[in-house]
Every structure is written in C-alpha cells, then in structure tokens.
Amino acid sequence: MTVPFLAGLPLTFTLDRLSGLVLVTVLVVSALVLLASIAEIEQRRRSFYALMALFVAGAVLTVTAGSLLPLLLGWELMGAMSYALIALHGHGSRAPGSGMTAFLTTRAADLGLYAAAGALYAGTGTLDLAALPSLTGWPLHLATVGLIAAALGKAAQLPFSFWLRRAMDGPSSVSALLHSAAMVAMGGYLLLRVEPLLVASGWGSDVVAWVGVSTAVLLGLIAVVQTDLKLLLAASTASQLGFVVLAAGVGSVDGGTVHLVAHAFVKSTLFLAAGAWLTVLGTRDLAELRGAARRTPVLGTLFVVAGLALAGLPPLSLWTTKDAVLVAAEQRSLALYLVGTLAAVLAAAYAARAVAIVLRPTAEQGVRMPLLAWAPLVPLAVVAAVGGLLALPPLADRLLPGTVESPSTIGLAIAGVMALLVAAVVFPRAEQLGRATGLVGNVLRDWLHLEQAVHAVVVHPSLRLSEALAVFDDRVVDGVVRASAPVTQGLARLSRRLDERGVDGLVTAVVVGTQRLAVLARRPQTGQLHTYLAQSAVVLVLAVVLLLVVR
Amino acid sequence: MSLQLFLLLASALFSIGLYGALTQQSVVMLMMGLELMLNGVIIAASAFWFYTSAQAPDGQVLVLVVIAAMTIEMAVGFAVQTLIYRSQQVDMTDMASELSG
Amino acid sequence: MTKEPLALLPELVLLLGAVVVLLLGSFLPRGRQWVGRLVTATVLLASLGLTAYGLLTTNPRLVYADTYALDGPTTIARLVVPAAALLLLLLGSDELHASPRESEAYVLTLLVSLGSIVLAGASDLSLLAVAYLLASVPLYGLIGLTRAPRATEAALKAYLLGAFLGVTMLLGVTLLFGVAGGTTYADLASGLPGSPVAPVAVGLVAVLAGMMFKAGAVPGHFWVPDASQGASPYAAALLTTLPKVGGILAAYRLVAAIPQDVVDGPLLIAVLAAVTMTLGNLAAFGQDDPRRLLGWSTVSQAGYLLMAVAAVGRSELSLPALGFYLAAYAVTNLGAFAVTAALPQLSTLASYRGLAFRRPLLAGVLLLTLLGLVGTPPTAVFVGKLAVFMAAWDAGFGWLVVVAAVNTVASLFYYLRWLAPVFDRRGVAGTPTVAPRPYARAAACVAGPVSLLLGPAAAVGLALDLTLLR
Amino acid sequence: MLVVLLLVPLAGALLALAAPERVARHVFVAVTGLELAFALALYLGARRTGGVTGGMSYEQDHAWIPTIDSRFHIGVDGLSLPLIGLTAGIFLACALYGWRRTDRPRSFAAIMLFLETACLGVFVSLDLVLFFVFFDLSIVGMYFVIAGWGHGNAARSALKFFLYTFVGSLALLVGFIGLYLGSDPHTFDLVELARNPPQLSPLAGGLVLLAVSVGLAVKTPTVPFHTWLPPAHTDAPSEGSAVLAGVLLKLGTYGFVRIALPTLPGPMRTYAVVFLVVGVVSVLYGALVALAQTDLKRMIAYTSVNHMGYVLLAVGAAALAGDPEARSIAVSGAVTQMVSHGLITGALFLLAGVLLDRAGTYDLARFGGLAQRAPRVALLFAVGAFASLGLPGASGFVAEFQIFVGSLPVAPVAVVIALLGLLVTAALFLWALNRLMLGDPGPDTARVTDLRVHEAVAVAPLLLLSVAIGVAPRFLLDVIEPAARTVVSLVGP
Amino acid sequence: MTVLFWVLSLAAVGFGFAVFRVDSMARATFALALSFICVGALMLLLDLDYLGLIVVLMMTMEMAIMAVFMIMFMMNPGGLMPMSMFHNKRASMGLAVGTFLVLGTGAILVPWPTRDTAPPPDVTAQLGLGLMEDKMLVMMTVSAVMFATLVTVTVMAAARTRYDRLGDDLRGPASDPVPGGVG
C-alpha cells in the first residue's frame, strides 16, 4: 500500500509474516496495558491516553513500514511520545530530565536512520526497505552504520543502554508497553527487518551479533545486582533484546521474532505487576517487596509465572524461543553460542532472584487489588507461559514454515536443566546478590557508569561548547564581557582572541577609524578664507598632476 | 618679442597675483591679487590671439570678457566689503571665521 | 540663421521677468510685494511652458554660431531649474514676505536661474565664463540678503572663493583657447586633438575649478557648508540647488567636448567625485547644525552627481542618469531644507527631539527626504543613484561605484543622527511646541511626496529622458 | 490580479490611519483576512492553471524605468506561492494576536499593513530593481515596528537591525548591478536572466555572487552575519518578532533560490562548497548557541539561524552536479523549510509574547510548571517545540527530511555533520520545555494566565497548518516541486 | 619694439610685485594701476589698440574708485598707515613660485600651435563684428550680468532700502541721514 508523500517517495506499507506477528503482539499488548493502566494513572488521563494513542500509532507505523520514510515517521513519533509520557506522567522531579535523556539518547542513534535514508536514496533512488541489500559502495556502508546505530539505540543495547534506566522514572504501564513490548522491541525488530542488509554489508552481521550477545551478558549481570524491581526488569529487557539482536546478527530472523513476541508478553506482565505493587504497596524496592506475592496472591501468581518464564524455565515460553536463537548462533560461531548461553544462565539468575524475593514469607497483611490491576494480566501471563509453543515444530511449522531452526531436544533439555539449577542456586541467596559490593558490584549496580561516561564525554563538552559559543556570540553582539568559569577559561580565552581580532575588532576598528577620519575631514574647513583658497589651489595643482601622470 | 615671452610675462603676473591672493588678510588687498592674476590672463589671451588666431574675433572677445569679469568682480567685491564692514566692522578675512568645521 | 532669439525664449523670459519685477518692486508698498512673487512665479511657469513648447516643436541643435546648445543638458536645466525655483518661492514666502528686499530677492532668484541655465547651455568658453558670473553674482547678493553677521561672512567667503576660482577659470579658458584656436566647443573638438597635453590639462582643470565651485564639489566646496549655515533658509536652499544644476551640466558638456585621447577628463572627474562624496560625508558626521549638516550632505551629493559626468561618452546612461538624479536631488534636497525653513527656531539636531509627536507631518517629510538623500528605495534619489551607479560601472569606474556604495552606507549614520531624536519620545513634554511657518510647510509637503513618488513614477521621468535626450 | 494583492494592504494601511483608534484592529483583521483569502484564491487558481507546471502565473509586465530596462514585472510560481500564503497567514495571526493592543493600535496596524505589502512585493517581484525596492521597504517598515513598539533597548536594536540589513541590501544592489551589466542584452528581468544567465568571467562571476550572497546572507541570516538577529527579536514586539522570523528572514533564503541559483549557475556551482560550509556551520553554531540561552526569545531567535542553515545547505547541494531529481528534492525541502519555519517560529514567538505580556520577562529560569498553570500555553508550546525540532508529523520533518535526503547523494559529508543539528535542537527544545512547562513553579509562574481566545485563534491555526503539512504534505508539495525542478534544471545537470 | 616690450614687461612685473611689497594700501593701489597700464601698453604692441586703451582707462578709473573706497571704509583710515597684513606667507610663496615654474616652463617648452595668421587690417572692426555676429550671445549675457551686478551691488551695499526712506507704502517724504538718498 502506498500513500503519496514526497516527490517519488511515497509512504509504503507492507504486511508480511514478520510484521504481521509483531503487529498483532503490539496491538494485543497495547490494549491490555491500556486497560491495566486505568488503575495506575489517576491524573491527567486525557493527555496520557492521547499520548499513548499517538505512541501506538507510531508503533503501528513502524511495524508496517515498507520504506524508510514511514519507518522514520513512526520511529521518531515513538521517541517523542516516550519523552512526553515519562516527563509528563513520571514520578518525581527527575522525570522531565529522564524523559529528555531517553529521547535524546535514542534520537542521537536515530540520526543514523536519517543518514541511512539519504544513503539509500543516493544509492537506489527509492526508500524501500527491500532495496537496501542492493546498495553498493559508500551508501551501503553508511546505510548499514546508520541503521545499526538507530536500532541499537532504540533497543537499549550497549552503549546506549543507560537511557532505559532513566526511563524507569515513567509510569509502569508506560514501561510495560514502551520499554518492553513496543518501542524497545522495535530496535530488535528493525534489525530483523534489515537482516539482508547486514549480510550484504559483509561486516554488519558480526557487529550486531557481538553487540547483542555482549549486551545480553553485561545487562544480565547488571540485572542480577539491581535492588529496584523496575531497574532489574529494565536491565533484563535490554539483556533479553540482546538475544533478538543476536538473532538478527546470526540470521535467525524468525527465531528472533518469536523471542521478541514472547518476551513482550512476559515483560509487560512483569512491569504491570511491578506497577500494581507500586500503586498499592508504594514501593518498587526489592527489599521492601519481600513477600509481595503472598500479600496479593493473584497478582503474585501472575508475576511468578512470568518471572519463571523470564528465567527460561521449562516449559515456559522463553525457554524455547531463546533456544531457537542459540541454535542459530551455534551454527555461526561457537564463541557466540557459549557467551549466549552464559547470558541465558544470567537470565535464570536475575529472574529467579526477583521471584524468590517476592515469594518470601512475610508478616504483612494481604492487600486487596482492584480488578483492573490484575485482570488484564491474565491473558498476558497465559501467553507468556505458553508462547514458547511458537518456536516448537507443531506451531512453528504452521506459522513460520521452515525458517525456525528446530531446537534439538537435547539442547532444550540441557537449557531447561541449567535454568532450573541456576534458579535453585539463586533462590535461597536472592537477598545477598542485591548486596553485592566491591568495585564490580558498584559498577554493575550503576549500569557500568554509562550515563556518567556519556555525560563526561558528550553532554558536558557540548554544553560547555555551547556556553562558550554563546559568550563569543554575545561579545560579538554587545561586547559584554562575561566572567568565565574555570573550566571554560581555555575556550573563553580562545573565543576572546577570536573576538578581538575577529568580527568585533574589525567593526570597532572601522567605526573608530571612520570617526577619526570624520574629525580629520572637518579640519580643512577652518573657517579661514585664506586656507580655503590655498587648499583649492593645491587641489587644482594635484588635479593637473593627475591628468599629466595618468594617461 | 614672441608668444613664449608674452606667456612668461603672463605667468609671472599670474603667480604674483596668486601670492597676493593667498597671503593678504585685507579683503581689498586680496582683490588686488585677483586683479593681478587677471592682468596676466589678459596679456596671455591677447598674445594667443595675436600669435595663433588673429583671423578670428574669439580672442578679442575673450579679452573683453576678462575685462568685464574683472570689473564686475571688483564692483561686487566692493559691495561685499561694504556689507561686511557695515554689519561686522571688519575688513579682514581672518576676522570673519565664525562659520567653520 | 544661427541667430534665433525665439529659440532662447525660455531664457529671455527670465531676464525680462527680472527687469519687470525690479521695476514693479520699486512701486509696490512693502506689504504688497507678493505681487512680485506672483509675477516671478508666472515668469518661471512661462519659462517651463516655453521649454515644453520648444521641445515639442524643434529638434536639438546649436544656435548663435555654435555658442549655445539646445539639447539634452540644456533641456534638463531648463526644466529642473525653473521648477526648483518655483518650489523655492513657496519655501521662502514666509521669511521673505514683506521684508524690505523681497522684490530684489525675486529678481536675484530669476537671475541665478537664468545664469544656471545659460551655464548648462553654453557651448562656448567665453559664454561659459560670462554665464559663470551671471550665476554667481546674484547668488552672493542672496546669501548676504539678510545682512546678519553670519550671512555676511558667508557672502564674503562665497564671493572670494568664487572670484578666485573664477579667475582660475578664466586662465583655463585662455589656455584652452590658445591651444585650440577658438572658444566654441566645436573649435575645441576640432582643434585639440594632437595638441600638447600640458596646457590642455591645466586648462581643463582650471575651467573645471569654476564648475566645481558652482557644483559645490572639491575643490570649490568650501563655501557650501558655511553659506548653508550662515545664509537665510531660503538662500541656503537655493544655493545648494540651482547653481549645482548649472555647474554639473556645464562640467558634463565640457568634459564631453575635450577629446579623451588628449587628456583623461572622465578619470579626473571620477577622482574628484570620489574625493567629494567622501569628504562631504565624513565632514557631515559630527555636525550639530541641521543646515550645516545638509550643506555637507549636498557636497557629498555633488560627488554622486559627478559620477554620471565621469561616465560621459562611455555610457549611454550617463545623461539620462544625470538628468534624473538632478531632478530627484533637487526636489529631495529642497524638501529637507523646507523642513528647516519651516522650523527656523530649531538650530541643533537635539532640538528636533520628539518632532514626530508634535509635528508628524514635517517629521514625515524629514524622514522621507533624508532617507531619500541616502538613496533608500523607492525614493526618487534611489532610482537616480541606481542609474548613476550603473552609468559609472558601465563606463568602467567599478571602483568608483564601490566607493560610492561605501559612502552611501556611511551617509546613513549622520542622517540617522538627525532622525533619531525626531522619533524619540523621551523628553518631549518639556519642550514648547513650535508653530511651523505655513508656506515652508506647504513646500515641504509638496517636496516630500514628490521625492517619494518620483521614484516609482520614474517611468514618466525617464521615458521623457529617453525621448528627449537621446 | 497580483497588483491588487499588493494594493489591498496598502489601502488598508491608509484606511487604518483614517479610522478611529478603536476601529483600527477591525480594519487590520479584515484586511489581513481578505489578503489571506486572496492568497488562497491565487493558490487554487494556480493549481488549476500554470502554477504547478513550473512556470509563472498571473504575470504582469509593464514598463517602469526604461532607461535601465527595469520593468514592473510580477508573477508567482511554486516558489513564491507558498510564501505568499505564509505571509498572509502570519499577518492575519498577528492581527488577531494584537486584538487587545492599546498602544497606538492605529499606526501599528498601518505600519504592519505597509510591511505586508513590502513583503508580498518581494515575493512577487520578477525584476531585480523591483525586488530590491520591496526588500528595502520591508527593512524600513520593520525598523519602525521595532523602534516604535518594542521594549527594552528597542531603539538601539532597531538601529542595529536597520544598519545591518541596510548595508546588506547595498551589497545586494551592487550584485544586482553586476548581474545587469553581465547580461546581454542588459536586463534586470529575473525570467530573462534565468533563461539567459549572464556570461561572466570567473572572477566577475565570483564577485557578483559574493555581493548577492552577502546581501542575502545578512537578511537570512547565516553565521557570521546573524548578530543583529537576537537583539532585534528580543526587543521587538511579539508581532514584530513573528513577522521578522516568519516572513522577513524568508526574503533572504527566497533570494538564494529565486535569484542566486537561476541567474548565477556557473559561480554557484564553483562556490557551492562555501554554501555547504556556511550552511553546516550555521546549523551547528545556531543550535549550540541557542542551547546556552536563558532567554526564551533569544533561544528561539538562534534556532532560526539553525533552521535557515538547512536551507543554505540545500541551496549548496542544489548547485552541485549530481542527480537532478535528488537536488530538486533538496530545493523543494528548502522552500518547505521556509514555510515550515515561518509557521512554527511565528507561533513560538507569539507564545513567547504571551509570557512577556503576563509576566514581563522571557527568562526561562523564572517559570516552571506552566503545564499545570496554563495548559493551553503548554500544549501549543509543546507542539511548536516538537514541530521545530523536526518531529515527524509536523512540517519541519517534511522539510528537513527532504533537505537531507536530497542533499546527501551530492554532499554526504556535509549532511552527516549537519544531522547533529537535529540532536542539539531536540536537546534545547526539550530542555526549554522542561524548564518552562514541567517541574516546580517558578517565581513568575503564578502570574501567567492561560491563553485568551484571540491569542489561541492566532497561534493554533499556524501550528495546525504545520501539522497538516507534516501529515499530508501533498497539497503544498504539488505546488513547490515543479518549480523546484525548474530551478534545478536551470542550474544544470 | 623689442626694447619697448622688455621695458614694459619688466615694469608690469615690477609694479605687480610692488603691490604686495609697499607698506601702504594707497601705494599698492597705485602700483597695481601702473602694472595694468604697462599691460595695456603691451597690448598696443599686439595691435590691440582698442582693448589696450580700455584696459588703461578702466583700470585707472577702478584704481581711483578703490582709493576712494579705502579712504571711506578701511579700518586703517586713509589706507596710508604702514601695514603688514600677511598670513600663511611661506606656503603661499611656495604655491606661487610653484605655479610660476609650472606655467613658465609650460610657456617656454610647450610647442604652442603655430598658425600662420596675420591680424586683420581693422582689428577693432573685427571685434565689433564678432560681438555683433558670432559672439552676440556673449555680449547679451554680459549685459545681463551687468544688470545682475547692479541689483546685487545695490542690495549688498545699501544699508537702507526704499522703505526706510519713504515708508512702507512708499508715500512718505524721503527721510535721509544725508540728503539725496545716498548712504
């Protein structure tokens, strides 16, 4: 389907297996999350639902996009709505800043999408995604870099992961939708979509695969030591999407897709549950959530089911979908497979830890949950539980014939057992993990200091530069000398030097010079007649000389 | 006696007049300097007529014009002098220098 | 026959008018001298009408044994000078009314007009010299008319400088005559080629000295600011307008007549133009007296006008550009002077503070005319300036155009120095309101809009140029 | 037809002067409304006749100044038509916005209407002298708007604006004269010059281009000629700022597309890199300096430098050799950017004016939490901010995307660097939103009351139009694209 | 002839120089008149009898007027007192000498056109015919200048106007400080 938009560049939409499955997921999860959010959101509902609706529109645009133009439209719309939802409806005074961090980080990556669009157009004269693999030369590489950057940013992969942490300042229903099922997942989705390009570029696949698997491991580690439930879930999201990205890198498009879909259901269940606890219990700190599942049995059950699925315990969904990805990875490279397996182990660890803590016995009273807070979670949890069937031959052959690598029974069994073992090890020691100290523990708990690093390397210098430029500009304008902070003195000195010798100096020199000339020009007009006569005589002589000399 | 000599004479008269016009403070003396310059012009014009274009009246007419100009300038000069003397009791150009700059 | 008194009717009628007004004046009671004003106006209108009639019925030619040309430059002078003089009559009606020398002022005005026209039309060096006197002598009288100390000083300076440069001019005439063997421009054109350079160069410079005095350009500019400030508003407006027309056009004709392969007259004019506009602008910077500022501004305007003269013979545009610029300059300059004439009490720029809120009409005219003098579109001077720039560029004086453009920018500063207080609201309350003089205000209200409308209506003006001058 | 378009505001100005002070606003709104209807009719008519084929419509050609072969030649095509509509729209918005103006409304209406004629005149001019006349008249008109109704250091800022742009216009004039003398036969006619570009020597061509570009760059403004812009905006009345940013800046960029590209194709190609560099520097410099501002109006003013930088980038790319289709997309993006920036920035300045009106300051630090206090202000400001930072769904995206996609094939490096501008503008607008609308209330928050009806009616349609362009741009692009193709074909392959 | 030329020339220059050397205005006036008379005489050598005579006559008259004038108005009564009223002497001298050098060198070195012309039999008749025929306009304009000069001189020199003498309606009896309307 095409809609005319720009000259020769219409909006193109396609619906294929991949986008169809994801679209259904997005719509179902959205509907349920919106339903559940009624319990959470009490203020400014109008703007909340308007923004959510716009967001869903963006997600649908992204999923159904057949060319880069609608993709970009939806893509940026999602980013902006994520800012608005976090900043406007988030908790605490940090929320606006968090929304900004989220949007700016993803937008920085999104610039790649613009570049990719330009490169695609330069190479082929169209913006159709299908044309991507036919690129050659610099447009091919520019497009690959751009798309990978954009996707990694959205999917909160390394090194962009930190924004997802700040995004947790937003409402839980927003996290449930944006930061699990829809927006973050779109990063993975994009890579799956352009997998042929990754292959065509020659290097894209490897880069993507390794970034994905590294994220899966590192963010897994981070998740293990988090003390905040939502942060744990956020890190696990990035980690799980690492598998999707890995899938794109190793060419297992459908494996990645089913993992994406299953994860969406799992994670939205978990986020919604966390949000519900936050609403009724007033906390998201893991230590304070001790025994929360026991106080809210229905919700607790749903959380535990989804949590165990996240851990990869058989027979729940992620057990099989993850394995589909790992099988493909193993076919590509053993190293990838081993690291991926490590990530799977970590997944079992952090998920088990969360589940263990909420299942601890507690003396606190039970709490009554409103219907809307848990009812929408039921279908989500159900899919989370049985979604793994998608990756198993009976269903996979029907839905995605011949593309999902059939997981070997042994592999599945090993993975299941391993997950069970890890869970069993972690279960009693859940609290200790959160107290992990030392350098490693601190670095992990602070998400590898990524945000500080970005601040130090990118944000801070940019702000200083912008201030220095502003001072420079002001000096040029007004000549106002502003005191410069010690840090900016170097730049300020530079700008001052530029300034004095540059534009302003020139202007001043001209003005002063003109004034001097003006005074000089009036000097001959002495008022004394005889000087008038003498001067005119001199000028006449000079005129004669001019005529005689210049011929 | 030749054109060159006449012109040399004219140059001398003109230059002396110029010197006077530039140095004299008194309006009347300044005017005399101008007269002397014109004196040179008259003799130069006469010589030009005689030596180069005596067949045409242009030179004679020019001499007449110079004489007329001289007379007229003098008449006006006296009038201006009278005017400024009556209004400012001044006969020196240096004393009338209020307007300047 | 070459003697065609009828062809000179526009000039003769002015002379006749001068005699009539003088005689009339000696019989008119002091309060009724406005009759003389009416007669003067009639004479000027008649001169204009006769010029128009002559244009329609005769072709360009030389009359009186080639001593007088009836062609483009003369036509410009015959149109611009009487028209400007008419506006001047309106401008000066307040201050001249019932003054003891009102009639004489009109006589002198007519004579200056006549002199300026003859200056423009003279095609003979002797006639040029006489015309110079005719345009100068009455001017001294007008400057000294009020007999105020400053006016007499101005008259003295104008006279002495005029006499000095007049003598110089006569020297030049003599030299050119000596080399060419005749005094008509036709003689120059035929006699000068191949002749020694030095005397021609000296002669040309010396004759141009007189033209520059009339035009108020370097080196004959010294009297202009002094006289603009010292003389009465009427005389100031007149002396910066009428003689300039004659002087510039005479310079145009002279430079056109001197063969350019003997001496490079256009180059000389271009250099003088550059010096004149620069000096005029720079000197105007620090002025505090409005009329003196305007005086210096007219000096710089003379520089722009000379640009068109520099393009003579090298650009088809030069004469139409010159003609239009002269007309535009005349009306714009008179408009600005009319404002000062309407408010003679305001003798410093600061005293114009808040004028826009007390006398919006006059402030509007001042704005129009000063921005016009800068050359802001779409005023008449803008079109004139554009044409002049293009003529100069066309003639190969690109550097001159750049100099002129820079000068235009510089000129903005001092005009705005004047305009800024006019539109400043602060401190208006304290100053007493001044009643403007009615006739001068009327003149301003005529000149302002005309200076604006002449630009867009350039179609009329320059179409006329095309048909009449080419 | 077009003459009437020019005469209506002028007549309106006289009418406003003649009317009593109370009635002036009615005249103002009625005349600007009529003008907008007029522009709309032109648009509809042009769509049906020749406007979308790349040629001129409604042409009128009369002798004007025959000596210099300057003609009263006016007409519209796809480049000017959208800008005419923009001008009419902005002025109507200003008229509505100032409905409750108490400070000399009569003369204000008259001057604004005069200014409207001048601006429209520039866009319809097909003769360089005519163009220049209107160009300068717009400067004069704007000077009085700032000096007469500004606040703060208005006189100084107005003077600075006037001198700066006036000097620029003189450079422009010198360039025009160069064009005239370089053409054979000599002409000032833009159509003629485009059809038969002046054959200039490399040096002369470069100098003429330099003169024209400096003149236009001052007005645009690009770095380093932008320094007049912030003070002029800060001290101008809100309507003045809206017109200044919405319309007057476009005169410069319009000149680049209308004059520089078609009449100087050779020199443009030679020096296209300069345009790219200046464009990229303007993009980044404008955005970075804007980021450091604490004054809302100055911030928006600097974003204008950023946004106009994109236009220059597109102009540079259009001049390069390369795929004509891509370059025509760039030109089309440039024109769209002019319209888009006019709508968005006009709206933002009017909103900033609301803050000044209520609280007497533009200082970002003195506000906060306005989303609670004045939700309509917050909503419209947020829409404007997002549109301005190039969010898809608003016109800015359509414009900038076209510029990027069209320019990248011919100038990949420049475009990739310029992309960073998107990030910085996003940062600065989000930061401003956070500081103004969210968070805790600032000292002046309590003084801000929500939008009045006349203000909302002035601002909202501008933003709605921006969104309409962002969602369904065809109605605009159908007009622009043929003209853009024509321009590119004139530049050469 | 040659002797006469040299004598007259040197006399003209000498008297001219004396104008600015003598110590009183009266003597300066006298010297100027003598210089002019010498030039007038030289013109006779050039066959310009009529013009030469005019020069002599007019200058004599003019100098007489100038003498009267000085006695009437000068601050230096009688114009007889010793005087030194110079300014800017050195630069002016430089300018004057420079001018002389330029003009003089030119006068001698320039190859002046040599047309083989002889004066007409009646030089004065040539002038008269010229004035009445070819250069008639010059003469007409000169008369206009004369008229203009009369008016101007009257306007400037006369302190009192007819209205001062006869009243604003010109009907009153003449009231003059000195009877006759002069002064």
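A few points about this structure:
Think of it as A, B, C, D and E in the order they're written, each chain with its own count starting at 1.
Here is the rule we go by: a residue touches a chain if its C-beta (ideal position, glycine included) is under 8 Å from a C-beta of that chain, and two chains touch if they have at least 3 such contacts.
None of these values were measured; they are calculated from a predicted model.
Chains that touch both chain B and chain C: A, E. Within the contact network of the assembly, the step distance from chain C to chain D comes to 1. Chains that touch both chain A and chain C: B, D, E. Among the other chains, A has the CA centre that is most remote from the centre of chain E. Once CA atoms are averaged chain by chain and compared with the all-protein CA average, the nearest chain turns out to be D.
Between the chains B-E lie more C-beta contact pairs than between any other two chains.
Annotation: 95 Å between the Cα-based centres of chain A and chain B. Chain centres here are Cα averages; for chain C and chain E they lie 30 Å apart.
Chain B and chain E have Cα centroids separated by 7 Å. A straight line joining the Cα centres of chain D and chain E is 71 Å long. In chain B, 14, 17-18, 21-23, 25, 52-53, 56, 58, 61, 65, 68, 72, 76, 80, 83, 86, 93-94, 96-101 are the positions where the chain touches two or more neighbouring chains simultaneously.
Each of residues 87-88, 91-92, 95, 99, 102-103, 106, 112-113, 115, 134-135, 138, 142, 145, 149, 152-153, 156, 159 in chain E touches at least two other chains. Multi-chain contact residues of chain D, defined as those touching 2 or more other chains: none present.
Of all possible chain pairs, those that touch are A-B, A-C, A-D, A-E, B-C, B-E, C-D, C-E. Interface residues of chain E, counted against chain C in their complex, comprise 102-103, 106, 110-113, 115, 133-138, 141-142, 144-145, 147-149, 151-156, 159, 161-164, 168-170.
Listing the residues of chain C that touch chain E in their complex gives 3, 8, 15, 18-19, 22, 26-31, 64-65, 67-68, 100-101, 104, 107-108, 111, 114-115, 118, 124, 126-127, 130-131, 133-134, 137-138, 140-141, 144-145, 147, 155, 178-179, 181, 191, 195-196, 198-199, 202. On chain C, the positions that touch chain B within their shared complex are 125-126, 129-130, 133, 137, 140, 144, 147-150, 152-157, 159-160, 163-164, 166-167, 170-171, 173-175, 177-178, 181-184, 187, 225-226, 229-230, 283, 286-287, 292.
The touching residues of chain B, when paired with chain E in their complex, are 1, 3-20, 22-26, 28-29, 32-33, 35-36, 39, 42-43, 46-47, 49-58, 60-61, 63-65, 67-68, 71-72, 74-76, 78-83, 85-86, 89, 91-92, 94. By the touch rule above, chain E contacts chain A in their complex via residues 87-88, 91-92, 95, 98-99, 102.
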